[in-house]
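Each of the two complexes below includes chain A, the first together with chain B, the second together with chain C.
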Partner chain A sequence: MAVVLVGVTLVALSVGRFPVPFLHVVQVVASHLFGIEGSASAVEGNVVWLVRLPRVVLALLVGGGLGIAGAALQATFRNPLVSPEIIGVSSGASFGGALALLLGLGSLFLVAGAFVFGLAALAILFVLTLDRAGAPMLMVVLGGVVTGSFFSALVALTTYVADPYTTLPAIVFWLLGSVASATFAKVLVAAVPILGGAVVLVLLRWRINVLSLGDEDATALGLRPSPLRWVVLVSTSLIVAGAVAVSGVIGWVGLVIPHLARMWVGPDHRVLLPVSFLMGATYLIVIDTLARTVTAGEIPLGVLTALIGAPAFFVLLRRNRDKIWDSA
Partner chain B sequence: MLELEGVGFRFPRRDWIFRGVSFCVPPGTVTAILGPNGRGKTTLVRCAAGLLSPQEGAIRHNGPVGFVPQAHGGAFAYGALDMVVMGRVRQVHLFATPSTGDRVAALDAMDRVGIAHLHDRQFPTLSGGEQQLVLIARAIASESPVLALDEPSSGLDLRNQAQILSLLRKLVADGLAVLLTTHHPDHALYLDGSVVLMGSDGVSTGAAADLLTDKGLSDLYGMDVRTVAYRQDGTDRRAIVTRYDDGPPARPPREAPRRAPDRRSRRTPRAPTLD
Partner chain C sequence: MCAEILNPPPATVHPGLLRRRSVLKGAAVLGGAALLTACGGSGSSSPATTNPRGITVKDQRGKTVVFDKPVTRVVTLPMPAASMLIAVDQSPEHLVGMHDASWTAVRDGILGTIFPAALKVTHDVGDQEFVPNVESIVALEPDVVIQWGDRGSGIIAPMENAGLTVLGLSYGTQDDVATWTRLFATMLDKPQRAEAIISNIDDQLGEMTSLGDSRPSTGPSILYFFQITESINVAGSNSYNDSYINLVGGTNPAADVEGPSGIVGVDAEQVLAWDPDIILIGNFDVAMPADVYDDPVWQNLTAVKARRVYKVPLGGYRWDPPGQESPLMWRWLSDIAFPAGKGAALRSQVVTDYQLLYDYQPSDAQLDMILRIDANRESANYRQFDAT
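So, the complex of A and B:
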């Protein structure tokens, strides 16, 4: 899968409005990484290194992050319908970003606003579930739905009061999701929370298996479920907030990729988590490459991920019905 | 060793489910909790296993209690060995994955339970009895000196029930302290250890042979229950006999069966005399 990802990355770097031969792409990357000089022209070098690479790397980070976050959350909530949107962090982050756009603040504030409000949504969720004995998992899900609805309403309010000729299109396009405005600075902003969160999840991969048995089994085996669940929630929130901050809301990846990965490698999170990251990254690079090459204009990523992902997922689901979830 | 002293439990803003429960399960012995539905058998065994915290009393044990829940499907189709290895969570470092040693310990536990051949099967594809055995193996793999099982034989056919019971006897003989809940007085009699009876007028504890009498069982379940003596492999045993309708109490089989009513007299009622 890692090999596939590297291959897809190189192909994505070579195709586009200004085609660069595949060999030249390899040479450009090699010259920057290892100082090996090749025969690629300076223009090709700039296109590959400065224009396409940040965008492809950003798609890689966001796709991989959403994939692994979805896989971890589905395990934590033991529920196949869970996606990173369920805990309300996406909505919080979209409100932060929309607010920054509404107020006409710079892209730095866009990123910061999305990040801050994404984590604020998590904090609200934490307060909502505090001191609730009985069904902590249910409280988290309900709290997430409540938080999400609250921030969705705020996003709706933002779009309602936005200037329909200037800020409204900006907000709507941002909400649809895109990695078109990628720069190396944005890559850095996204990389820290996404990779940080992903590393924590991968480190906890086996504990997440135990957690996915349910709170009672986990407790009986000697694992306190609540602290571990919060570590998973904080890690996924970091990932989601980071992803939304740089690319808007890209739905679907966090829901579907874990399922595809599970069909392929089974439910063991020791393998599933890394594979979900790699598959999510590959998927979003492919989708983003299509988004910028299929038509003259840009197609919003959030639209394409669902348009392509939904039918593909449906076909796979029909074929592998028995493999993913047991009858329970 | 598992020891409960004056344990009482209530859910918030509810009445006490039980209070003042005291009993001890020394190593190499078995204690069965019996009682009608809703008396708190499962709550008690969960308290003993540390899954619930009682509001009063103390629970002492000489090591972690391995809890065996009732078999359930679970959300993910993990392999049977993977399930058993999860019993090793106390032995595996926070960021680590199970080592070869942990897998060997898990396979040993499966072997002890007699299901080593199932190690590469997926848990949800196993039968109910096999799933229960995997969960028992998981508790054994955790190296707990105490096992607490919640209705280990529920939902199983006769043969699987027998398999679980003989396994429990073997584990007790190996020196484990075993606590279980059950709806089968037969099983408690077969295990021949102590019982905790959760009756309507409080909790009583004692030896199974002493408490599981006709009167004790009839009082416990509020219906007519008799035990029947028989011999098996040179040992005196008792089985449970009950009736499933509302008729008069069952008669002990040693007495003569009730005579069938005379057919003739029923068909032609005696003619009333005119005098």
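So, the complex of A and C:
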């Protein structure tokens, strides 16, 4: 899978609306990384290094992050319908971003706003479920749904008061989900929480396996499910807030990629978590490359993720009906 | 017969009106209109006729409305309608309510300075989706409410059910500006205002058309950015912006992409591939030329290297979409695209047009503000617009 991801990344770097020969793409990357001078022109250098590369890396991080976050959440809640949206962090983060756009603040505030409000949503979830002995999963899910609805309403409020000719189009575009405005600064902002969260999840991989057996079995095996669950929640929230901050809400990946990965490698999270990351990353790079290359106009990412993903998922579902969840 | 010829059905209002071919056709129609004005009475040149029973107007939905007497209390919801009504009336005295976004444009632009009374007009008549606040509108006791006529009946029916008289309008071409102007002038019973404003637009359109036609067939490529900061949206083939780029003799590199409203989202790479000679930053984004000059992504663009990135001016209303000040936009773009040091002529044209539109003489400082002299200071050929 890692090989596939590297291959896809290279292909994505070499295609685009601005024609750059593959050799020049390699030269540009080499000259930036190793200082080897090539024959690529300055404009080709800009296209590959400043336009394509941040975008591809951002798609990689966001897709991978959402994939692994979804897989971890589905295991933790032992529910195949759970996705990063369900714990309310996506809505919180989108409100923070929309607010920054509404107030006309810069990109830095957009990212900071998404981040702060994403974590605020998680904090509210904490408070909602505090003092409930052991925080039963139902409370957490219910709390997440309530928090999510609350922040969705606030997002609706921002679009309601936004100027339809100046700020509203920007908010709507951002909410649609896109990695089109990628820069290295955004890559950095996304990389820290996403990779940080992903590393924690991968380190917890065998504990998540135990957690997915259910609280009683986990306790019997010597694990305290509640603190562990919160560690998973905080890690996924970090990932989701980081992803939303730089790319808006990209649906579908966090829900479906874990299922695809599970069909392929089975329910063992030691393998499932890294594979979900790699599949999510590959998927989003492919989709985003299509979004920016198929037509001169940019196709909204959210449209493509579902239009291409849904039929593919349907076909796989028909073939692997028995594998989808029963065995997990 | 006059009325028939002079009242083109809404079907003739088509997008991309200003493309060369259409310009000629339009000029013929409008030329005919000017001739035929002589044979009709008041209102004959508008989509309405004055008859003994009152003033009849037909809105862009095709609905006919009869007023017993000239309207004195008007509420407007479409954003550009408020400034256009003020221009036709040369006063905000008959405007009793306007959309909040129109009001903020009045406050932030020059109209608030010209007409301080406009700032006192009620502006809580609807939300951002143009859903009317029926009760607050009824409370204003308007003779007529101006509303979008092409965005479904949901935003009109509640007002009509409450007994209000509503005119439904559509927008997007220079034709619509003429239609609105005639409509407003007719209901205010000031038909001469419509003639004055429209013939000024037509005269300048004719001038600009022959100027554009006299230029080489491959003028500079001009890319209009609707947005550039967070997302990149440019003017495609069926946009109004495309029509004036062609009018002045430029070419639109984005002419092969289309979007529902003419504005399309594109990738930064696509912009680099187009490599426009001139970049226009519209008034729907906060970005200024300096932001583009400083962005490493755009460093190799021809427009950046030649310092030909410009912020579109903002007068009584934004110059980017069609409006009563559009001829000034055409002249400005023409001076930018084919610099000949004629900036002083534009300044005096602004003064002339403001006299006609608002009965107001802008000061040098106000002209600088309108033309965004500060924001465009670093851009090539902009010194031509400096005050002399």
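Basically, the second predicted complex is superposed on the first by the 315 of 328 C-alpha atoms of A that agree within 3 Å, B and C clash if a C-alpha of one lies under 4 Å from a C-alpha of the other, contacts with A are read in each partner's own complex, and residues count from 1 in each chain.
Throughout what follows, a residue touches a chain if its C-beta (ideal position, glycine included) is under 8 Å from a C-beta of that chain, and two chains touch if they have at least 3 such contacts.
Predicted, not measured: the structure shown is a model, and the values here were computed from it.
Participant: Using the superposition on chain A, tell me whether chain B and chain C clash or fit.
Facilitator: fit
Participant: A:Val145 in the overlay: touching chain B, chain C, both, or neither? Say first, second, both or neither.
Facilitator: Touch status of A:Val145: no partner.
Participant: Using the touch definition from the top, say if A:Arg270 reaches chain B (first), chain C (second), both or neither.
Facilitator: Once the two structures are laid over each other on A, A:Arg270 reaches chain B alone.
Participant: Using centres of C-alpha atoms, tell me the angle at chain A that chain B and chain C span after the overlay, to the nearest 10°.
Facilitator: Value: 140 degrees, nearest 10.
Participant: So in the superposed three-chain picture, is A:Val234 touching just chain B, just chain C, both, or none of them (first/second/both/neither)?
Facilitator: neither
Participant: Give one of first, second, both or neither to describe whether A:Leu50 is in contact with chain B, with chain C, with both, or with none.
Facilitator: In the superposition, A:Leu50 contacts chain C only.
Participant: After the superposition on A, what does A:Pro164 contact: first (chain B), second (chain C), both or neither?
Facilitator: second
Participant: Which partner chains sit in contact with A:Arg205 here, chain B, chain C, both or neither? Use first/second/both/neither.
Facilitator: first
Participant: What is the minimum C-alpha distance, in Å, between chain B and chain C after the two complexes are superposed on chain A?
Facilitator: Chain B and chain C, overlaid via chain A, are at closest 40 Å apart by C-alpha.
Participant: Starting from the residues of chain A touching chain B, keep only those that also touch chain C in the other complex, and list them.
Facilitator: Of chain A, no residue contacts chain B in one complex and chain C in the other.
Participant: Could you please specify the touching residues of chain C with respect to chain A in the complex?
Facilitator: Going by the criterion above, the answer is residues 79, 101, 104, 127-129, 226-227, 229-233, 236, 254, 256-259, 264-270, 272-273, 275, 284-286, 296-297, 299-300.
Participant: Would you tell me which residues of chain A are touching chain B in their complex?
Facilitator: Within the complex, chain A contacts chain B at residues 75, 78-79, 133, 203-207, 209-210, 212-214, 216-223, 266-268, 270, 323, 325-328.
Participant: Can you list the residues on chain B that touch chain A in the complex?
Facilitator: Contacts found on chain B: 12, 49-51, 64, 66-67, 69, 72-79, 82, 86-87, 89-90, 92, 94-98, 122, 124-125, 138-139, 142.
Participant: If you look only at chain A, which of its residues touch chain C in the complex?
Facilitator: 16-19, 42-43, 46-47, 50-52, 101, 104, 107, 110, 159-166, 168-170, 173-174, 178, 180-181, 292, 295-298, 300
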